[in-house]
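You will see chain A twice below: alongside chain B first, and alongside chain C after that.
This part shows the complex of A and B:
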């Protein structure tokens, strides 16, 4: 039973909700085009396999966490890798989140300006969004946890419900062929590209010590979170392709928005349904950004042995803002996206398994000594 | 003042921030709503003696491109009561819409330059109709015309697009008998496609055209004609990819709707089997249609299975001759109606093959259901398409004979 008095702790189920809420974010609108361009008709399978792959990485993270139940990666990575390499891993982890905020903020502000505030300079919009995220990230974990849960149960379902309206123009034949042989070679690259959809699950490494371990298995709870994410992403992809066709999705910058804008409900006062979708997308993105800002600030706080994470949040905010402005051109944003993807894949598929192997190897050594 | 009261006052005061609205808002009456856009050739519709003057006044100095298109916009007049005291201005003000035009090549550039003819910002979110003249389509494809309409975020996907054999501007100036502005009136006509088998209203708007362009598929747009103050949507303009190839007649549209299962409430007529000169009409309520590709010995063919359920809608037969209570007669009618639907579908199929246009997306169906075979066929599909047979099977069930015999 979770101790409800303690504001800095959470249950396993809450960890699963936070993970799902963090991972489901900007990609719902700005990530589909790139993924379908890469995967074609097989994108649906790539997402399912990608979900399994990144869940496997999550299981490795849980294994690592179980070995150091009361520590975050800030304390155990130097133990495992040594001081120099351990610090690299910690900086890698923090940088990954910071770069992601910059790229997400740039992509999101472009979409919001395009669909809602055409006369507002994107920089002003980014400043507003970042200010709210900074304010949220300045809070302690208890506040953040409640915000995450609130958004997960309020904004995300409304977003999903609105999205379902586009089923009016859904044509199942657009999804065929289900398993075209010509697209099979694209499966692996799309799975790797799919990291952009699932990214954010790395927070588990940091949040593990904040979790009460009760009767519910953490692996099962996070399995549920990944199931939820996979269903959400799959729904977006299937709806986008079903409404627009694969070629239509690849020709459209924001396929989900286009799919929504193709819906008209005659006789109702509701028009421009895609605008409502943006309204509910903003909080979904906001909670992701807030936690992405909170995590590196906490990492740096522990690393530099500060008692408070807030100075780091305030330090990162202008850096992120200026990085976002630098990434404003299409080419810069594309390059930054690639860098973030490779950094993320390197961390998930390289650092995590290697850390676990290192741990097992060290443990084996210990057991040998005991014998 | 207690702390709670102070907090409450501050909270209430802060609500003012929410009701102040966006900083960049524009009130509705400060915008001019574009309801319809007409696209003609630049020199179309101008009388020889007024042409150069009008063109010079309307247009602008273009550093690039040529004077290719004449873009006309129908704008909603939000103050139909006029404003002036003299009779003429009152008469002009009574109009619910007015039309302005410009010539150029870039549609974006023309629309911005049109602000020189209007006193308010043009707002495209309520654009209902785009009308393109046939003369333009003989000069250029649809892609360069649609490009701006598809890129701009103010456009809706469900904007109705028409092709007119005449000029587009007179259609924008046309005052519909209902009193509605033309753009809304024309778009409203297309809403009736569910009940009118001659209206190609399904999958023929801007969004579907965009999807067809993305998939390299053929496009079909309804034909809108104005003759002596009579406006009618009749026929469909067919495009091979985005190139105009000709018009389809009403019967071909009817057959196409049967094949594509886009009919909702069709009317099928036959000559009365027992009474020469009489006519029987079947009204469709429900249908189940399946068009499927097959490959046998390397040959492609399609099967079309249609099952229609409906009522007898009309029987022009002599007095006291109604036989709808006779099951044998009903069966006879069902068979005849099925034959008629089959003829209609085959007529549409052959017409499309003759015109080398495909409104049935047969290539997409082959790719979807016979993927491996499609990989071998796709390079020679253009040659194969005109020879692909259709095997039609129609089953009609008459469930009722109407309220009165």
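This part shows the complex of A and C:
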């Protein structure tokens, strides 16, 4: 079929959709509690600032990608950092996604058990979701791209619509005080904690060579994606606090679900709306997990010079499953979450800016030589 | 001088006393005989020369045609041994022995009599019956045979094929070639309404089992010289004709070549149904989804080829195939274009909803009843619990039982003679449906659920409906194990599978919600008015993206 066009490339808009749909995932349900506990009434502001901060990191990634337009980080990081450090960066990148899958899978299965099942073992639920994610990650990029778009246009809007039903119990007074001075010192830690919400945008580093440029600039498109994400997270936080108050949110493991469960729509057929929300949350989480599994498999495929990424997916699947089982206790999960956050922050706020600085320094060196 | 000359000439009888008139007559007769004999000898020498020139039959040929008719006869008779429907008509036409071979029942004998026998044997009014047939086959074709369709063939296999396709084979002594005289005439079904794709307002003609008729139905819809029809043969033994129909200046570059390449790779002895061709052409033979669009409607094929796709017509089957095929194209109906855009859009959305229901409804029933009864209003949950209390089976077994009954019922209805279909429907629908509830085997709600499920699967393309019917079982299993979570996992698995499917390089689901194909959304889930759809679907990659006549608005 060489004469028929390849379907494995994507437009800038598609990259933005993939980024948004990857980042909007599990944390909508399982991450709000931790974030509000950290940020209090100022969580909303920290999310906005966090959005700006991580968009700034994204701009740095775009800059890096523009310097190596047809290469992924697997090929240019060793060039920049040298063989040893470059390999550390690559493994760091892959490990970041793998650890995230394990923590997300554990968090998700706990939430599903909590709201949908009482007797089904959580391991069975995790196995089911992981199996579907593995099946998805075994596919080529074109397939993944179609799935991401389908979910973005079908499941995510339904999820958002259901979420908005919580507004029936919304009490704006709960948001007050709007800008408490005592919470201002918490702003920076909450912004950093907010990485958990935005995590996943690092995929841009890998997907950049798969993108073809069109009329819309990549920075603008990804700006739109970050705007979309920020609005979604902000809406979740505002709804959760507006329905449950800050104290209510901090004392509830899954505040959005709790807010939803209190909603009643008299005269309609719908009851137990939180079950509907969980059902439509599953595909939203699924697309995040599938990408998170596909990316490290691709990274290692390129790193080890394989022609197929599938053996790596099949290798990671049992490792993730057992890692998820190890993280079953809340304490272990919390520790793993912290490790992942620091790894992610280190990569985003450390490795990316340093790589760019290194590149600029090297470029300057080259220019000096040319002179 | 003149006198001298006159003296030199005298009566023959004076010079030769034996040269009388009678003797001269005798000599003349002898001479005529000698000429006739020499002509005969000449013919024989010709045949001997031809037989010397004759090469042995190639490996893939059953025999080589000889210029001696008597040598050809046993060879042809051997090829058609025990074929009592093959008729041999020997005759002498214009001084030569000739043989006409045809299939009884597949050949129009009146045509043969008129175009071949009368011409060669000479009718009562024809005077020059003794004139010898010209040896040159081209002059035979040009000057004598009046049939509109006549082909000269040198290969024995071609001549045998000609007979088997319904043409008559003419072999003349002295010519080492066969002539296929077009005289096909066989029993066939008339052009009727498509059995599996009936429409309310569209055209009512559907394909039948005859390739030439089906081609005509398409040709009638577009008087376009760019519409090309390439006929190939498939099947080592059946030699079934397959027509590739496409628009030369629209078809996606490479698509036709790819289809031909795949057809060339097909190795089978017989093609009975178009599904056989489909399975050979598809990239994913294990999928339940139809990766080539199947249709009985000539208007659907015509519309498809004007989108840059290729139609594949298979002789002896009314089901045409269209490549590439997408989920969207399968979900569309000609009726969508006969109705107002708003109505058509509403119906299309309804059809997609029906597709969802036809797969997931039984699974959702099991999940809600067994795992999440809290999602139902309390009164309804109590009512269902009461109904279910009368049945001995768990929800999964109950649904499985009803599903099996439903599938058997659907299969039975398809294969039931039309006269007793109504009776079978009453027995199946009312009697079994009612008694199964009264006997306490199932509850009325489940009967409603299964009835709705069955009806929804009929609201779309039959092949796609069958695919959805197949997918019900795994969804039921998943929902019985994991409730709604299982249903959602099943839905995701189906989505992944559908997104991974490719039909001739095109994604099976790709156009749906693909942001780069935004233009195609105008005629996908909904249908905008025609004036907004000036372009052909981008997904199929036609050479001319704009529909002709729309360039100037």
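Some observations on this one:
Going forward, the second predicted complex is superposed on the first by the 367 of 371 C-alpha atoms of A that agree within 3 Å, B and C clash if a C-alpha of one lies under 4 Å from a C-alpha of the other, contacts with A are read in each partner's own complex, and residues count from 1 in each chain.
In the analysis below, a residue touches a chain if its C-beta (ideal position, glycine included) is under 8 Å from a C-beta of that chain, and two chains touch if they have at least 3 such contacts.
Keep in mind that this is a model prediction, so the values were computed, not measured.
Partners chain B and chain C clash in the overlay (superposition on chain A).
In the overlay built on the shared chain, the residue A:247 is in contact with chain B alone; chain C does not reach it. Partner contacting the larger number of chain A residues, of chain B and chain C: C. Looking at the shared chain after the overlay, A:154 reaches chain C, while chain B stays out of its contact range.
When the two structures are aligned on the shared chain, A:272 is found in touch with chain B and with chain C.
With both structures placed on the common chain, the touch criterion links A:180 to chain B but leaves chain C unconnected. In the superposed model, A:334 makes contact with neither chain B nor chain C.
With both structures placed on the common chain, the touch criterion links A:282 to chain C but leaves chain B unconnected. By the touch criterion stated above, A:142 is placed in contact with chain C alone, chain B being left untouched. By the touch criterion stated above, A:120 is placed in contact with chain B and with chain C alike. When both complexes are overlaid on chain A, the residue A:308 reaches neither chain B nor chain C. Counting contacts as defined above, chain A residues 117, 120, 272 meet chain B in one complex and chain C in the other.
Of all the residues in chain A, the ones that touch chain C in their complex are 1, 3-5, 7, 10-11, 13-14, 17, 112, 116-117, 120, 124-125, 128-129, 131-132, 135-136, 139-140, 142-143, 146-147, 149-154, 269-272, 275-276, 279, 282-283, 286. Interface residues of chain B, counted against chain A in their complex, comprise 22-24, 125, 153, 156-158, 191, 207, 210-211, 214-216, 364-365, 367-369, 371-372, 375.
Residues of chain C touching chain A in their complex: 252-255, 257-258, 371-372, 374-378, 482-489, 491-493, 495-496, 499-500, 504-507, 509-510, 512-516, 541.
Listing the residues of chain A that touch chain B in their complex gives 114-115, 117-120, 173, 176-177, 180-182, 244-245, 247-248, 250-251, 258, 261-262, 264, 266, 272.
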